[in-house]
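Before I ask anything, here is the structure I am working with.
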Amino acid sequence: MPETEWKTAITRIEPNKVQLRGYKIEDLMENTSFVDVIYLTITGNMPDPKASKLLNAILVSSIDHGVTPPSTISALTAASTGASFNAALAAGILSINKHHGGAIEDCMETISEAVELKKETGDTKTAAEKIVTVYRNKKKKLAGFGHRLHKKDPRTAKILELSKESGMFGQFAEMAVEIEKALKISLGRELPLNVDGAIAALLLELKIPKDIGNMFFVMARTPGLIAHIYEEKMRQKPMRKIIPGKYEYDGKTDLKLKLAERKERL
Amino acid sequence: MPETEWKTAITRIEPNKVQLRGYKIEDLMENTSFVDVIYLTITGNMPDPKASKLLNAILVSSIDHGVTPPSTISALTAASTGASFNAALAAGILSINKHHGGAIEDCMETISEAVELKKETGDTKTAAEKIVTVYRNKKKKLAGFGHRLHKKDPRTAKILELSKESGMFGQFAEMAVEIEKALKISLGRELPLNVDGAIAALLLELKIPKDIGNMFFVMARTPGLIAHIYEEKMRQKPMRKIIPGKYEYDGKTDLKLKLAERKERL
Amino acid sequence: MPETEWKTAITRIEPNKVQLRGYKIEDLMENTSFVDVIYLTITGNMPDPKASKLLNAILVSSIDHGVTPPSTISALTAASTGASFNAALAAGILSINKHHGGAIEDCMETISEAVELKKETGDTKTAAEKIVTVYRNKKKKLAGFGHRLHKKDPRTAKILELSKESGMFGQFAEMAVEIEKALKISLGRELPLNVDGAIAALLLELKIPKDIGNMFFVMARTPGLIAHIYEEKMRQKPMRKIIPGKYEYDGKTDLKLKLAERKERL
Amino acid sequence: MPETEWKTAITRIEPNKVQLRGYKIEDLMENTSFVDVIYLTITGNMPDPKASKLLNAILVSSIDHGVTPPSTISALTAASTGASFNAALAAGILSINKHHGGAIEDCMETISEAVELKKETGDTKTAAEKIVTVYRNKKKKLAGFGHRLHKKDPRTAKILELSKESGMFGQFAEMAVEIEKALKISLGRELPLNVDGAIAALLLELKIPKDIGNMFFVMARTPGLIAHIYEEKMRQKPMRKIIPGKYEYDGKTDLKLKLAERKERL
């Protein structure tokens, strides 16, 4: 094959035909959810309904976390100078890295290592203790544990609960919870599994490769960044000084979901 | 209020509490779809099930269109030099502009103008004819009509069909179809409504503001770009010469959706 | 010519030969300054020594303005999350737009309009007064005048002085100064020509097209952004909260240039 | 010091005063070159004239290499979709990574390692041979050697010649040349030091830290990318298919520098 010829296995395009990973796009549009198709596009496989429901919860959990994350600050800063929507979004996405959003991949790595160790130790608890010892001895941070604001993050609890209900709580999730326990004993204080850590465990259950883990955070956060850019353009003066701590929330509060209506379609 | 204080109405964050547009995040995670929450985050309102189903179809329709779109080429080119996932994605998103993806906003503008004209002309057909005449006299391009590859784009047909089924085919969609007819008569040949044009009409039905229309394309295409970046990193050598026309599709073809299984959850 | 063939007039590459705008790269490396070659690359023409000296002053004037400009904040925010140098730089560059750096192009436009008007009015003063009146009647901002911090910006004074010394103070610079006077009379207070405005006038003297004016600001600021990204990576903890107003300068102060040594080579 | 207070040592800003690394900006504008101030801004030190002349040659050497490098392709692709100048530039810069431009930092690493080894081996030749053996045994690529197009790159020859003339050809440059020789013997064929390798050696002579080496390539290439974006916007139709190999050079050729005029000011 000449050097310049190349192959792709994602989408087949012919006149009046679009097939995504082998499925007609019009069939996907009618019969599958955006979340199904995200999974399909990236992994090449259609998720089963319980995997899809779990991935849905993961994406919803990370769609926004207010105005203080650095990705939001970068996007707002760019927007404030008059950047177009996509340029401000790009500035936001360029601020999602090792120290913001990146805990997902690092924690996927840690949990995978611990699950490897389990082959030697035979049980989850010992493997979890061992990985905590190894990391602490190397003075290496255990990504996915602890949060600067939340002690009991409602997202973590819900994501684990949903994974149990749907039978997706497997060896990786179990290991994440054991590491949390081993950490508490080792440190003498709580350093709870955070939402990134829970997502890490469940992306492993969903067979997502480690090096693409953070991209699920990026996909989830993209609509949130767009909402902030839009709010900046609508509500704020250009070139304002953006001080992360000086904001106030003035939106709606304490709304109740009309469950009957939603259940109908889920 | 001092200049440096500011307000946001998107997400309320307190220790152990996250409310998005007034709803508890854990309730959203359990009971709503990612598409619902995209709409909620950006517009501030929860979509009803038929609006959500239509937006789902829109997002699925645009998730990928193979390796030739410029946003894909930019993302692949960056990835090929060793860019991180988010940097390659940013390069891709920076290539979604007026001439690629941008037809959505331009067509939303045209359809809105025509619907305004209808107040004068009284009927859709005359307004559609008038807008075509106005644009042709100004030698202005009617965005959202014609496609370099597809004459009968399966996505356009399906999106219109679904909007009719769900009762979302309103005055904007009607106008888009009338403009297509008026164009055919005026030009003496078909210049069919394309998928961008159909999306434009239906985003208007969904009450999406015009200046944020293209961002729905960006949100839809983000997972597709990520899939291409991942494929580049997995399958290709670094620094290859990327020639848009020299690729071959070697993925799956002609798969059938197992509808029974999917229906169960939709 | 087939659609896919295209032409470029910037650099000619052949095995063991590189010619930039017609000149051998090795001759340029030995005999011209980076500033000469910037001008040559972008405009296609070699600047004469006085134009080069003026462009040098323009680029030096804008290389950095501390930690508060939005482009610096975006770059630091991205760097703080662990972005690579080029990704953090891209985030910074994406924050140089209409309201930051953009005054250059807008002011080039205004000065050009005024110089056009002069063809009617016959003299600079009347044209300047007219443009001020037109802008004020339309409630349009005159870009390039006023600064939030500096009343007598040392950069503006120096750039005008140098342009006079080198004989580059022509009709555009003269018009900029007349507009400053007309503005003072019209407003009843000083709104001095700022560094962006002075650069705008002198880029016009240098025959730089208006739509590329801001790119000179971007080229000038790129090394400054890189210095800030490097400082962030060297001196700061990851994921810190970056508060624009809370910094202190702790570098060198009041150094004197050893002029004898520099003169030797300029 | 409270967590939110921070320090910067680059630029001191006060009303009507700007000092860069301790020097008045207006003095720099008048008496130093942009290249001097680039070095000053990034390293904190004013270069002496011979260092400045060498850095000038480095920056000029890399300002452009035609339309085929991936950073140019990304920038053109973005521009072709209607991206703004700064967005297209950002897309280009995001495509400068390990495999394009990145050889500089990797080669700085290799040369530094070899110079370390010299402390053991006592002489340059043995250290160079050892590093070649080590890399070949590890099947690790020696960055900075070989070029896909140029066998005798005129830039490499000139940059080494200038460094010798100015007395900047020190132990790092010497080592680079020795590694080239050792490679030839080890491989049985020439794999000449390329321009990235020569720049790597000379940035080490200029005391530039390794992790910022590539940024000198980025600074150099920025004006080139801007020239290409401008050419794309001026000469090409939007959304064209950009085929890297199908271009033709139609600019000026074989111009002679008027040396008398240039010498006058250098």
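Per-chain residue numbering starts at 1, and chain names A, B, C and D are given in the order in which the chains are listed.
Please note the rule applied: a residue touches a chain if its C-beta (ideal position, glycine included) is under 8 Å from a C-beta of that chain, and two chains touch if they have at least 3 such contacts.
Computed from a predicted model, the values in this text were never measured in an experiment.
Participant: Using only Cα atoms to place each chain's centre, name the chain farthest from chain A.
Facilitator: Using the mean of the C-alpha atoms as each chain's centre, the farthest one from chain A is C.
Participant: Comparing the two chain pairs, does A-B have more C-beta contacts than B-C, or is it the other way round?
Facilitator: Here the pair linked by more C-beta pairs in contact is A-B.
Participant: Measure off the straight-line distance from the CA centroid of chain A to the CA centroid of chain C, and report it in whole Å.
Facilitator: 41
Participant: Based only on mean CA positions, could you tell me how far chain B sits from chain C in angstrom?
Facilitator: A distance of 38 Å separates the two centres.
Participant: Distance from the CA centroid of chain A to that of chain B, rounded to the nearest Å?
Facilitator: 23
Participant: Touching two or more other chains, which residues of chain A qualify?
Facilitator: Residues 68, 84, 86-87, 90, 94, 96-97, 241-243 of chain A each touch two or more of the other chains.
Participant: Under the stated contact criterion, what part of chain B meets chain D in this complex?
Facilitator: So the residues of chain B touching chain D come out as 68, 70-71, 73-74, 77-78, 80-83, 87-88, 90-91, 94-102, 238-239, 241-245.
Participant: Can you name the residues of chain D that touch chain C in the complex?
Facilitator: Per the touch definition, chain D meets chain C at residues 3-13, 15-38, 41-42, 44, 46, 48-49, 52-53, 56-57, 59-61, 63-68, 84-87, 89-90, 93-94, 96-97, 149-155, 157-159, 162, 211-212, 214-215, 218-220, 222-224, 226-228, 230-231, 233, 235-236, 240-243, 246-255, 257, 259, 261-266.
Participant: Under the stated contact criterion, what part of chain D meets chain A in this complex?
Facilitator: Touching chain A: residues 84, 86-87, 90 of chain D.
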